[in-house]
Structures are given as C-alpha cells and as structure tokens.
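The two complexes that follow have chain A in common; it is paired with chain B in the first and with chain C in the second.
Moving on, here comes the complex of A and B:
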C-alpha cells in the first residue's frame, strides 16, 4: 500500500501535558494528489506535520511517510521529502547564491535550473542578501531550495502566510508545475481558501485536533448543501436536522448548512416553523466555514471513503 | 479562446472550464477539429490542479463535445447526440427556464421574446 499512499496515519494522537492537540487521526494521502490541510489556528495542523516529519513523538498511534515510520526516518528517506516551515526561515547572513550552494551540498539530487527558474519567478536577485529580502521573496528562496532537491513529497506549512498577491500567484504556479507529472504529492496547510480551491484536488479539514473531512475537493463540495430559513428564532433549537453542520444568522434569516442531505433532511427542513425556506448554492468557502465555525459537529465525512 | 476561472464561486472550477468550452463550441468560437490545449498546459495557464482540468475534459469527452485522438490530444468533435430524447428535452427545458425567467423580469412581451429568440436561432443555424 505504501506505493499508492505516501502518508498514512493510524489513530495518531498527541498530548501536550493533559491537553490533546491531535486526536485519533486516521488520515491517508494518495500519491499524486495535492491536499489542502485546513483548520483554524490551534486545530493541530502544525503538530500533525511535525509528527509526520519525525520532529515530534506521537503520544499514541503511528504515522508513516513514504512507507516508513516517521519516528525512524533514514536520511535517504528524508531526502525524498521537501518541507518548508511556517515563516520560511533562512540564515539571514547568506546571499541567495549561498542558499543555492548550501542546498546543492546537502541534497543528493539537486536541480540548479529549477532553483534559478523558481527564484526568477519570485523576482529575486541571486546576489541579494537574505536579510534584505521581503517575506514573499524569502518564501521564494525557501521554496526553490526545497523543490530543487527533487522531492517526491512536499509538505508546506502555511507557505502563503503574509505573502503579497504577486508572490501568492508565484507560489501557486510553482506548486502546479511541481505536481504536473502526477507522480509527486503535496500536503499544504493554508488559510487561503481561494488558493486551495485552485491548486488542491483533496481537502483535509481539522477541528479541535480531529479530522472531520478527508475527501476529494469536488466530492466535499457536492456533499454540502445549504438552506436560507426565514424564522424569528434559531430554527434548529427545537428541531434536529439530520446531517446539520452549522446554523448561523444572516440579517433576520438563518443559513443552515448540511452534509449529505437526504430525504430525512428534506423532511426536517419542510417541518420547520418558518415563513419561507429556500435552497441556496454553496461555495467552497461556505462549506469550509460551516465546519470551522463550530468547534464540535455531530456529522463528518471523515473516512476517506470518497477517494 | 480564453478560459477564465474564478475561485470562490458557486460553480466548481471543473464546471466553469467545461461550461466555457461548451459555450465556445456553440457560439462557433471553437470549430470542429480545433485542437484543445493539453491538460498540463491548460492547468499551468489557469493555475489550477491538473486533475481539475482532466475532470472537465473527461466530462466534455463523455458528452461528445470533445474527442481524443491517441497520442495527439483532444479536439472539438463533430456534433452528435449522445443523449436520449428525454434527456435532451430536460436540458432544453433547463436552459429555456433560465433564459425565459431573465427575459420576463426585463418586462418584454411574449412576442418580443419570441422574435428575439427566432433571430438568434437564424444567426446560429
């Protein structure tokens, strides 16, 4: 199975003191996919990534990357994984050219052309000192150094954080180019839903340390439906709606979001004491926000069944 | 033709691509036999996941809008009907409902709408 899934976790759990930060994660990433890892700050995304990279021991459960247990990754396996940390740390005293040499000498495979091409896309001069660079340019150097090592798996922790629109576009282009062969895999945590909708084909959504969604992006979208309910008070206080994810007020009406709405849901909606009920279109952002707006949801399509 | 995708819209990105190709074929902007860009090239141009473009192409091929020639990529296909009569009627009703709904809210009479429709049809056929 290691051939079709490049990441596989089983009941992966991590506590900090008495607080559980990642809970019982069963998560798989198929080879060739671009997975958007979504969740509010503190949902457990970075902790999960650190365990995958072997920087942090799981309290319980296991995780495998490229078929090997993350706790005992060999240098050879590590060389096949590219990882960028939040904030794109680089040594400030180096010049961009030094970063290139540093990468070349520490990676068994190194593609100078790819490095130079990526750096150019972010509009960076190779003679520039790292400490002079803007945040977006630093992201460019960090991404170029990671990708020139020709990794099979790329793990990016919030690479778009604080980037200007031009750098964001360059980042998206670089990711698309990186994965175009269909052989390389990307796990990308982000808060920019429009960018995730563009570049990703799968979504993994974490809330309070649990993974509530793990499916293809299109499947996720098509399984979420919404209604606008005209009612004086929260229509879901006295009525349960099967599959409901979230209900929020908009003006004097209520926006009810449901996952996997079936005949039972339709019946429940019809029986609400409402002046009017109208089914509305759902955007990717609506669907994600509905999940993130509640810290606990009764329903999830966590299972990976949608792959 | 220039395809544009808008994330954050109520239509999925693969749907936006498929709909724009369909429209270009109907309007004549794309002609029978025209070559489509490869999945990779279009993915790069639009900055979207290649699987998303592949999904749009797969739907267009399934519906007979495009056809593939082994080793040469996708082309605009000769129009043929892959749908049953009932399905074609359902799709026609869907399309008309939207157009008629919009026309009526603009305060045109039935005669005016029909005349416009007839002249549009004459332009196309």
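Moving on, here comes the complex of A and C:
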C-alpha cells in the first residue's frame, strides 16, 4: 500500500445472515487527513470500522490499516491506532486511576502526563468511579485514554454521541490539535454534520453499505447544486433530471438537489413544467442530508410522503 | 497480560462471596444427621458440588464472555496492544483463581471443622473432602466449554450448545460414581481433570474469536466429534430405555455347569430361565444335561432320567489376588453387614471397624482391629489389610454375625469377652464362602500361595450340623450367636492349583466326588479336576452338533439392534471401561457383554452397524457436497464413519458453516458469497451500478 494512505479497503463486503451490510466498498484515507464518515444508522459505518480494527471478519474483500491486513493486526500495529468505541465504553467498576493504569499496561507508548492533564482539563477526579461520571466526563476519560497512547491514526466511532455543547467543542478542538502536525490521521464517524464540517477536510458518505461520496469538503460542496421548483406535484415524476440526488417538498414547492450538474441538468430543469425555478445555495448540511434522505421513505413523522 | 488478569479478577472476584455461600451450603448439606449415625459425607459432598460446581463454572464462563462479546466492550478490550491469546488466557487464569478460591477455601475450612469434631462425633474424616475437590476440578471443564459455546456463531437451536455435552457428561459420570472414591481414585480423577481441562482450554482457545479458524481447526473437529458421539450414544440409550420398558424380557437359555447333589459329579445342564407369571420371580427349568465324565463330546440336551438334584450355581467364583477385590468403598463407609446389637459399625479405610452408639447421642465407643477389640476414641491395634466384612453373605442372611476376613486370616469377634479369635491363619490370596441352597452349613475355599483349601466350620462338639438356614424369603431378625457354637474351622481337603489358573483374575471352584473342580469361566469347555493325591487332570470336551446354545438372548432383540447404532469409538470405550471396571453402569455396556458371546446377536449387531455406517457415509457425502468441502476433507470424514458412525455427519454440521449463496449476475447460478469469483463461471462480483450521483475525488 502506498504510504500516502493509512486505510485502504478493496471490495470490502460483510454480510449478516443473508443481508449485505457493507458491499463492495473501495475506500481510502490519505495520511494526514481528517475524514468524516457519515451515514444513517445501519448504513454500515460501525461495521466498516469494526472490520478495519480487526474485530469482525470481512465476508470477502480486504482492508488494510497502516499497511497491514486488518485480520492479522499485531499488537505493535494496534499500538499505532487509537480507537474509541461508540458510546465511549469504559468498565463501570473502574476508577479513573484504574483506567489510566489499564491503559498504561496495555499501551507501550503511554503518556501519563498527557492523560492526567487531559482528565484535569475535563474537571474529573482521578479517584472517581467511571459509573459516577457524566457522559461528557466519560467521553473525556475515553479520549484521554485513546490519545495517551500517542497513536498516529485515530478511529473514532460516533464520539460526540450524547455530549453537551461544551464537551463537543472540546472534542473538536482535541481532534484539530491532534492533527496539527499533518502526520496524523483521523477517521471520524459521526451524525453531527456541523462538527464534521468544522474539523474534517474530507467527507465519506455511506448509504446502504455503499460509499457514494469520498471527497474533500470543498469539492463536495462545489459539486452539489440545488433548485427550488414551484410545482403542484413532484416535478421529477414525469421528467428525469441527470444527477438528481433528492427531491423533497417544502410546502407547495420542491427542493431538488443534484450532483455534478452540467448542461444536461440545466436543460432538464428548464424543461420542468413548473411555475418558477430558482437556483439556491447549498450548505454542507443540505448536501449531506440530500444523500442521506435517499434511503428514507418519509420526510416527516407526520407526512408519509414518499421520496 | 498482568493488566488483563487484574481486570478479569476485579470483574469476577466480586462473585466470590456467592461462591463461598454456595460451597458452604453444599458442605453443610453433606453433614451427617444428628438423629442417627451415618457415613457417606464424601459422596454427599461430591454430589452436592457435582451440581453446584458445574453451575459455578458455567456462570463464570457466561459472565466473562457475555460482556466482551458485545461490540462496545469487545472493541474497548481488543483495540489494545494485546493478542487474542493473551485475552483468552487471562480469562482462563482469572476464572481458575476465582473458581478454586470459591471451592477450596470453604472445603479446607470444612476439613478443619471435621478434624476438630470427627471421628468422635460422626463417622467422618477431613480427607473425605478430597473426592469433592477432584470432582470440582473436573467440573471446571464446563468453563472452557462455556467459552466455546459463547464464542461460536452457530444457532442456539442448532449445534451451539454441543461443546457443553462432553464437559457435562464427564463431570456427571465421575461425580455419580464418587461414593467409591478414596485416595487413589481421587488422584486419578484429579489427573483426569487436569488433562480434560487442558484439552478443553486449548480447544476453547481455537474457538476464541476465530483464532483457530486458521491454525488449530483439528482441535475443534476432534472435540465436536467427541460431543457428537456422546449425543448419538445418549439418543440410542434413550430409545434403548424406552424399548426396555415396553419389550417383554425373553426367556433365556444357557448351558451351565452344576454339581449333582448325590454323586457330586459335575454336569453340563441346559437351563431355561423364565419369569413366573404369578410371582414375577425369575425361575429356572432344566431342559436336559449330561455328566462330564471324560467323554470328548457332551450333549446337554439329553433328557435326564430319574430324579436328580443339582446344586444351583454349583461353582463359586473367587478372585485369585487381593488386588483384584472389588470394590473400593471410599474413605469411610457403613459396615451394615457387620451387625451387632446396639452398635452401628463403619469401616475406616485405614483398617479399622469403628462402632458407634446412636443413643442417647451419637458417639464412637468401640474400635475393632485385626488383633483385638478396643475402646472408641483412638485407632488402636493392628489394622485390617482390607475391608474385612466382604464375604460370609450366607451367614448374614441366616442371621449369624459374620466372621471377619482380610489377607492375614479369618477372625471371629467374641462379643462376650470383647476379644478376637483367629479362625484361619493366612496368608490369604483369595477366598469364597459357599452359599448352599439345601440348607447345609456353608463351607469356605481359601487360596493361599497356590494352595486351594476347602474348610468346614464345626461347633464345639465337632459337628457341622449347627447351621440353621432361614426359610426362603425370610430373614432372621434376631442375631444368632456363633460363639455359643465354639466355632472352629477345619481343612477338608487341600489341592495345588496349576500356575495357568493362578494367572487368571478369577475362577470358579466346586467340590466334586474326586476332589475340587476349578473352572476357568462359565463359558469354557474345559475344567481342571484337582485332588490332593493325584496330579491335576484337565478335562476338555466339545458340545454335540446342534446343541451349541447361543449365550445371552436367544431371539432377535431390538435392544441389540439399537446397540449397532452406537458409534464404534463409543463401543470401544465402553469395552475398555468394562475391562477396567466390570461393575460400571453402562446399561448398553452390560448388554453388549452378553452380545459379544452370541454369534446370532453379534451378527445382528454388526448388520445394523454396517447399515448405520452406510447411511452415515451417504449423509457425510451429502453434507460434504452441500458444504462444499474439498475432496481430502470429504474422504477424511467418510473414513471417520468407521469410528464415529452416525455421529460423523452430526460432527460435520457442528464443525462447518454452511456457505451462503447469491445468484451470480453473470451466469444466474447460486454462488458463494465469501468467494471473490463465481465457482461456476469465474466472474467477479459486479460492482454496484453507478447512480450518477457519486462524488469521488482524485485522491480517493
């Protein structure tokens, strides 16, 4: 594997029973980047991460992390990877001091000072039991444990889940600081789009086990366009719009999102039988949501309108 | 590794108090009652722990694996710089420490308590916790078995629970037989436990997170095969039991050696055993017979002319060495055969009979040793060399107190003088007391250094006619005193036994008109006629054509046919076990002992076995085809059918995952989802169709 990529998957596929959760996934993470891994629940993000970490065997295909097959990661390679699991799991019976000890004895490059400073920054007592800590404090201990091992690759699975705004900001700042040198890489799985927009320089978007977007944030933003179409009925029912990602109703109007809109798309939009058509700016969040909404049937819990 | 062990100990050590409570409860439940005197603490304790120990090992296994097999906890543990083996062994070590601490500590304290209160209070010794400890060690085999079960991906309704089968079976078998365990057997069980736990641990490691999928698959195959063999055997036994309940017991016909009462000549009789319709008791009918008078051919179907009476079970079988004496009764056991008024006796395997009074409170009041009767409270005098109360059954049934016997002699306890009198001086290698059905006084055969002697028991007036046999079905309640008879033992005759017979484990003896006849076994067609004044005479004969009566069951029997379904490996194991322990409790094993001696039944058995093997081979081939096993593996499984029988296809299903399939987009045939190319057309998997909305930059 090229040294420029710390993660590479080739035709990575994983089935649970008869259902493929991840299918033919080709995906790379360049060294020194912060990649936001986005997708709905069940899109295959956690399964992909578990295969990357070697916790789950791929049904077929391969995945490599830091140049090594994930199925046979040695302790030395694992020492170069920092990982937080979904929900910041820690053993509830341990004290914070025990977490530090457990981490120290299972990581060769453990930085005690870093851990203690980080924990102190979160205002956590080292003698406190994990079960007494708030979710934010637990995230702090979990991140401190992950970073104290001095990893060169950080794989974070939904680290901001349930965190308060202050803890989320602290998490984001930690990730930014971690990558300052440009040599360290982060794969960040999250549902919080503004956090990803703030810290990531690349976005990877999974829908139903497939990777539909794998690009820089700027490239992604620039290649997604949207129009507001004033029409009584869904304008896309009788007209095909090349590159259309999603069309959703907003009151009596329709918001049409398109990827890589070209001349053909412009022509198709012009030919829509609509009272008015207006091009609008697309935010990162709009663009991501357009992709994510493709696999959801309804737009609101009240209206069952199909997409 | 140290940190992992610490983590496991911290996580599971909190269950220790519960373990202590459970084991203490088992200890308390095993204590003898205060109301009456009883022994058997050892077997009660072992049985208690045989139920609770496996439960503790199983619970530990579930507790230790359940959390770490969840995604979050598993990820938190496994992303560290540790290997899967280190995680596994840390769990094993911690579980072993917690389990042994939970078991050993209460047992040691219990042993100390027994040391302080026994034997004065109850017939019990501290060493009696040893069998329980050995069986508990064996019960720990459920822990690695649970790890296997928890880490397997098979369905709970399918074969996921298979790994538990062997651990549960071996723990159950050894624990149920625990009332025979003394020091030697406890150590044997202990060594077996170490071997079993080691084997299961290595197998569990191979299951751990698929580590063995790539390296030690043979361990999984071996273990699951053993479990499958047990499951098939258990299934056959289950049907066997149901058939046994419903199928009437057929009449049995045997050829048997008996002695004609009047002439004392040996005969070969053809006997039919049947169940009396009124009394439902087993009765026998003589169909024919002929005297063994030197003729080379004997026809046992010859009608017997005139009124002739025969001694039932004319030959008495004796062990040729004290080493062959069975069974072992544990460290301390009730000596119910040795009845005396007021006192209850227990045999301590250090060589003493201990007498306890029950009322007004339980107390050790008497010790009987080989050289005298002593007061209770101490083990005084010369110990017996073996349990001295095995023998003289006919005396006991007639209500007489039995003489005692060990390898140094036969002794009579005189209750009046409180002393012991030696009736026969040893050394004694083998002994048997006859059980005459005609009411005459029993006699005794003693084998001593190659000399076989027949003894008779005379009363003070030199008469042998003092014995009063009870009427059939009646047992004398009141003890008759032997002392009043001034009993003495007198040699009737002595003969020299040839070395070829001495080398046997046991042989049958009977008094004939010319001396003593010694029979190798009841199926042999030769016996040795010994007399004091003539050299040994070997009488050999053959049966007349057509009179070769099949031994064992005579007609086709469904039970025998069912035995043919038992895997050959298990049949061999049963046979080996029967050789080691002829009194073992395999019902089919007992049955087979008769089947092997019967040509007809053996043919039935092998026919069913052959059909079962054929069916197993077919099933094996079908499964190998469905599971897409390679040729070499398939041939291996087909060959294994000889040993595993119907268990082979079962083991295959338990071992391999059935490959899942999807239709190939190129050839429309079902293809394996775990293969990169289609096995039919070689096509690769189709990359999902582009939807025209993918955004992938050059770097990706």
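Here are some notes:
Here is the rule we go by: the second predicted complex is superposed on the first by the 293 of 307 C-alpha atoms of A that agree within 3 Å, B and C clash if a C-alpha of one lies under 4 Å from a C-alpha of the other, contacts with A are read in each partner's own complex, and residues count from 1 in each chain.
Criterion: a contact is a pair of C-beta atoms (placed from the backbone, for glycine too) under 8 Å apart; a residue touches a chain by one contact, two chains touch by 3 or more.
Since we're looking at a predicted model, the values are computed, not measured.
Superposition model on chain A: chain B and chain C are shown accommodated side by side without a clash.
When the shared chain is aligned, chain B comes close enough to touch A:177, but chain C does not. Contacts of A:34 after superposition: chain B is touched, whereas chain C is not reached.
Chain A is touched at more residues by one of its partners, and among chain B and chain C that partner is C. Within the superposed three-chain model, A:201 lies in touch with chain B and out of touch with chain C [touch as defined at top]. When the shared chain is aligned, no partner comes close enough to touch A:124: not chain B, not chain C. When the two structures are aligned on the shared chain, A:281 is found in touch with chain B, with no touch to chain C.
In the superposition on chain A, no contact is made by A:163 with either chain B or chain C. Closest contact between chain B and chain C, by C-alpha atoms in the overlaid model: 15 Å. Contact residues on chain A toward chain B in their complex (touch as defined above): 33-34, 169, 172-173, 176-177, 179-180, 182, 193-195, 197-201, 218, 221-222, 281-285. Of all residues in chain B, only 5, 7-10, 12-14, 40, 43-44, 47-52, 55 touch chain A in the complex they form.
Only residues 2-4, 6-7, 10-11, 71-76, 78-83, 210, 660, 673-676, 685, 687-688, 691-697, 699-700 of chain C touch chain A when the two sit together in their complex. Against chain C, the residues of chain A that register as touching in their complex are 11, 13, 15, 17-18, 20, 23-24, 27-28, 30, 46, 50, 53-55, 57, 59-61, 75-76, 78-79, 81, 83, 85-87, 89-91, 93-94, 98, 101-103, 105-108, 157, 202, 210-216, 219-220, 223-224, 242-245, 259-260, 291.
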